[in-house]
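Shared between the two complexes below is subunit A, which pairs with subunit B and subunit C, respectively.
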Partner chain A sequence: MTAATAPRSARPSRPPRSLVGPLALLVFAAITWWAASEEYGLNFDVPRLFSNLTRGAGILAEFWPPDFSVLPRTVAPLLETIQMAVIASVIGCAVALPVAFLASRVTSPNTLAYLLDRGILSVVRALPDVLYALIFVAALSIGPLPGILALILFNISVVAKLLSETVDGVDHGPIEAARATGANRLLTVRWAVLPQVLPNYVAYSLYAFELNVRASAVLGIVGAGGIGNLINETRRFFQYDKLMVVVLEILILVIIIEWVSIWLRRKLV
Partner chain B sequence: MAGPPLLIPPMIRFENASVTYPGGVQALKNVTLEIPDGQMMVIVGLSGAGKSTLIRAINGLVPLSDGDVTIDGVSVRHAKPKQLREIRSRIGMIFQTFNLVNRTTVLNNVLMGRLHDAGTMRSLLAWYKPEDVEIAMQALERVGIVEKAYVRASNLSGGQQQRVGIARALAQQPKIILADEPVASLDPPTSHVVMRDLQRINRELNMTTIINLHFLDLAKVYGERIIGMRAGELVYDGTGAEADENVFRDIYGRSLTADDMLGEAAAAG
Partner chain C sequence: MTASRPVRPAQRTKHIATALVVLVVAAAAFTVDVKIERLPDLPGALVRIFGRMFLEPAPEWSYLPEAFGSMMESIQIAWLGTIIGAVLSLPLGFFGAKNITSRLVSNIIRQLLNVIRAIPEILVAVVVFIPMVGLGAYPGMLAIGVHSIGTLGKLSAEVIEGIDPGPVEAARAAGGRPVQIQRWGVLPQVLPEIVAFWLYRFEINIRASAILGAVGAGGVGEALVQSLVFRRYDRAGMVVIVVIVVTILIDTASGWLRRRIIQGGGGAPHGADREQPELAEANAAAVQRP
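== the complex of A and B ==
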């Protein structure tokens, strides 16, 4: 008749609770304590952080008002920053495409190529871009070239990693269909896989470009070209009001790039 | 198999073919079968009976673990990669879930059927010869949706998507068509439209057509010959007319229910 009178079937008994979750949480808490503790770590405490912050207020005040007289001098290095980012993004993302396909089990021709490619990628990713810039500056001399090389390596590792993970998740149906037509592996990737990941690839490339513009602020400090040189110079002479102008410029540039990439991505999907 | 050697080998020949999957599941057990040129053959059986494996053994998408499958006397099992692609190029395949690349156009999906012949460089750059585009257009014409050529595949209905799948197979200009549950994702009226398309292609182009179906009434209407499979073994081989309820009950190993029938306009063949 109604649900209330329906015979009640036996309920399954609750499986034993797994201890993995609480244990992981405990380990996590221990590591955090270790990093911040007085005896073993950095003796970090939050109230002191705030009291120290106010001490820096005097220096922070020197950033304001910005001294716009420096503006003409920023134009050339800012353009150099953008140009470095463009070149590094185009080359880095182009190389990242085949590297990404080799780094996914779905598209890699064999285990050897897969492992080799993944291995090289993790070695390249192990060092941060500033360290690469330092090495290239030492090897090549000061200027945008070592910066571009460092950014290319960075872009290959970032875009190839993100894209290979996207390739891992594509729909296998079209791949089977392409294989069934007798298409070779390269064309199967081109026509069954690439169309599926193309919007992601474009999004990752734009993201890499954005990161490159930001990174060149740091790269310049080690002599690898771009707006960072100017940051370093103004900072060394305590011209914080001029540094503020550069900071504002980078902020605006990155926001504009983000707007453009959001618009582009929306067009593509 | 013993017996007098045939002067002209039948197009598709299974010789004691077995498939054991890496998990130890034996999906095909010692199947011996001949399928002559131009036949429209339907394979019936429950899910997991080995229908899909049987079909995929023909174009080598599933490797045999024992025995052999030959096509025009050429072994699929012992074919080198290039030879295997050559064999596959002459076999069109249609899938239950259509396996289209949703993000690209109908025409690009159908042109996948030309990849084996269009040249790797040209195909990589989507710089197809006009002849190949014309073959793709004719294939679309044959299934009645040539006007959708430049529409994104994802914008089509299920029935239309399956016709794109058929057109992709036809664009290969194959001698054999394999269809793995081609109507299982479609509603009953659309199922008949697609089955009639396949029947028409079989008759007009004289392509050997092998179709997996689980609806028995559809199998009876469209199958010139019916093969029954149970637990990886061939348990029935006869004409559609001979296959009555007792035969199907035997193949399924249980009594039949309404779920085994598509119903609706079953006699529409």
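== the complex of A and C ==
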């Protein structure tokens, strides 16, 4: 018990200085210089930026007042946006369920399926939804179908990733209990794992739906259906007062969907 | 006397909610303007385009430097945009935390952040910054910066609300001025988690900046649009490969770094929430009140 009887030193000794902090700052500075430099990067220049912004501020005045005469024309595309989000959410979240179970070590039948599923999932995740939409528009021509397909892929990647991580953390007790009764793998997943993660699954699906409404509003910009078409049209002809109406509608839609989703989450989970 | 079963809790609203969901889904499915007769061609069309992108002809390797260069531009846009968002969101995070400012101020800031979050960055670019500063990388960077303020501010405020009040009281007891209390009592507690969120946002913003090229805001999206417009599917294939490989590499590096930052040098392991900002974001959305 020497430690207890030894006289207390006045101050605890300073921990040795770590090089990690300064090194991280150096790396940060280097990347920022690379990104902002004239030679290798975007030629980021604060004074020029501010002169650009102040010069451009006049254009923003053209957005006001909004020209509500465009309103009747926005109804059908807005409905299409919601339809795309709903359909893509249902299909995407349904597919994501088995994909998530394959992507967790707890429920995956074997290592090969696990690794394969995770690999495909990370490749699908790496490409953003609008790039999928671009490719699908090239393949299927314009309309809501390529947009729905792009959103489905997006939903699978988001929900499957979140859910597989939740499955990783489930309580193993029910699984052992199910195995002890002689349940096979599918039955174990159905009765021991699914009930544990179902509330999360519903929450993630609603979260994905919210993201979908936002995404489907812009997919039309690349020709994939919905209200985005109108964004493209109005901005091409510099009808900023009409564009403002579309933007306001999207904003209101997104906020309403968020409320609905929060209400549903409270009722369903 | 037999023990009666516990009464099943009333589930009326749950049934109503479920019925509502089913109704909306059915309505959407039956009214959407997708030509059903074209659905059977769908797999063929997809196989055809992916074949042209990756197999016949093979991706054009001579296009690799150009595709890689535009991907680098996307990364630069994302990096600077994230810095803009981080710098502007940190003070907003403090003002949006109930335990730092009053309930009224924090509510106002939170609502402001919610509105910012609701507007997709591509819309910010199209509506605000492309008209203001013209096409190119600048509007993309600014749009990403502005949109990032929304999520980063909200997550920062939540982290700040979860601090241990001890160090704040100690700083106050030592006679610290308000700014000093924030600097020494709050910031050291929340910085690791907030920096992890910044890194995570950078990962998200790479995808966002890849998208922004589709509206003329620079980066790899523009390369993909150009390839597809000119039906150079071999080039499009190359672009897709570059995007996927670089994104996965950066995600992996950034994810490793985030885990290091959160866990520190062998500190106590935290919950999954802290390691997974995406999970935190989804769960935070779950408890958010309008």
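The rule we apply is simple: the second predicted complex is superposed on the first by the 215 of 269 C-alpha atoms of A that agree within 3 Å, B and C clash if a C-alpha of one lies under 4 Å from a C-alpha of the other, contacts with A are read in each partner's own complex, and residues count from 1 in each chain.
As a working rule, a contact is a pair of C-beta atoms (placed from the backbone, for glycine too) under 8 Å apart; a residue touches a chain by one contact, two chains touch by 3 or more.
Computed from a predicted model, the values in this text were never measured in an experiment.
Novice: Who touches more of subunit A, subunit B or subunit C?
Specialist: With both complexes superposed on chain A, more residues of subunit A are touched by C.
Novice: For A:A180, select first, second, both or neither according to whether it touches subunit B, subunit C, the two together, or no partner.
Specialist: Touch status of A:A180: first partner only.
Novice: On the A-aligned overlay, A:V106 touches which partner chain: subunit B = first, subunit C = second, or both, or neither?
Specialist: neither
Novice: Is A:V95 in contact with subunit B, with subunit C, with both, or with neither (first, second, both, neither)?
Specialist: A:V95 sits against neither subunit B nor subunit C.
Novice: Under the stated touch criterion, which partner chain does A:I262 make contact with: subunit B (first), subunit C (second), both, or neither?
Specialist: second
Novice: Applying the touch criterion given at the start, work out whether A:R190 contacts subunit B, subunit C, both or neither, answering first, second, both or neither.
Specialist: first
Novice: Applying the document's definition of touch, where does A:L116 land relative to subunit B and subunit C: first, second, both, or neither?
Specialist: Touch partners of A:L116: none, neither subunit B nor subunit C.
Novice: Quick check for you: in the superposed arrangement, does A:W34 touch first (subunit B), second (subunit C), both or neither?
Specialist: second
Novice: Following superposition on chain A, which residues of subunit A contact subunit B and also contact subunit C?
Specialist: none
Novice: Within the complex, which stretch of subunit A touches subunit C?
Specialist: Per the stated touch rule, the residues are 31-32, 34-36, 41-42, 44, 49, 52-53, 55-57, 59-60, 63, 79-80, 82-84, 86-87, 90, 122-123, 126-131, 134-136, 138-140, 143-145, 148, 158, 161-162, 165-166, 169, 203-204, 207, 210, 214-215, 217-218, 221-222, 225, 231, 235, 240, 243-244, 247, 250-251, 254-255, 258-259, 262-265, 267-269.
Novice: List the residues on subunit B that touch subunit A in their complex, please.
Specialist: Listed in rising order, the residues of subunit B that touch subunit A are 59, 61, 85-93, 95, 97-101, 103-104, 108, 111-113, 115-116, 120, 123-124, 165, 168-169, 172, 178.
Novice: Quick one: which bits of subunit C touch subunit A in the complex? Just the residue numbers, please.
Specialist: On the subunit C side, the touching residues are 13-14, 16-18, 20-21, 24-25, 28-29, 31-35, 38, 42, 45-46, 48-49, 53, 73, 75-77, 79-80, 83, 114-115, 118-120, 122-123, 126-134, 137-138, 141, 207-208, 210-211, 214-215, 221, 224-225, 228, 233, 236, 240, 243-244, 247-248, 251, 272, 276, 278-279, 282-283, 285-286, 288-290.
Novice: Spell out the residues on subunit A that touch subunit B in their complex, using ranges where they run on.
Specialist: By the definition above, subunit A touches subunit B via 173-174, 176-184, 186-187, 190-192, 195-196, 198-199.
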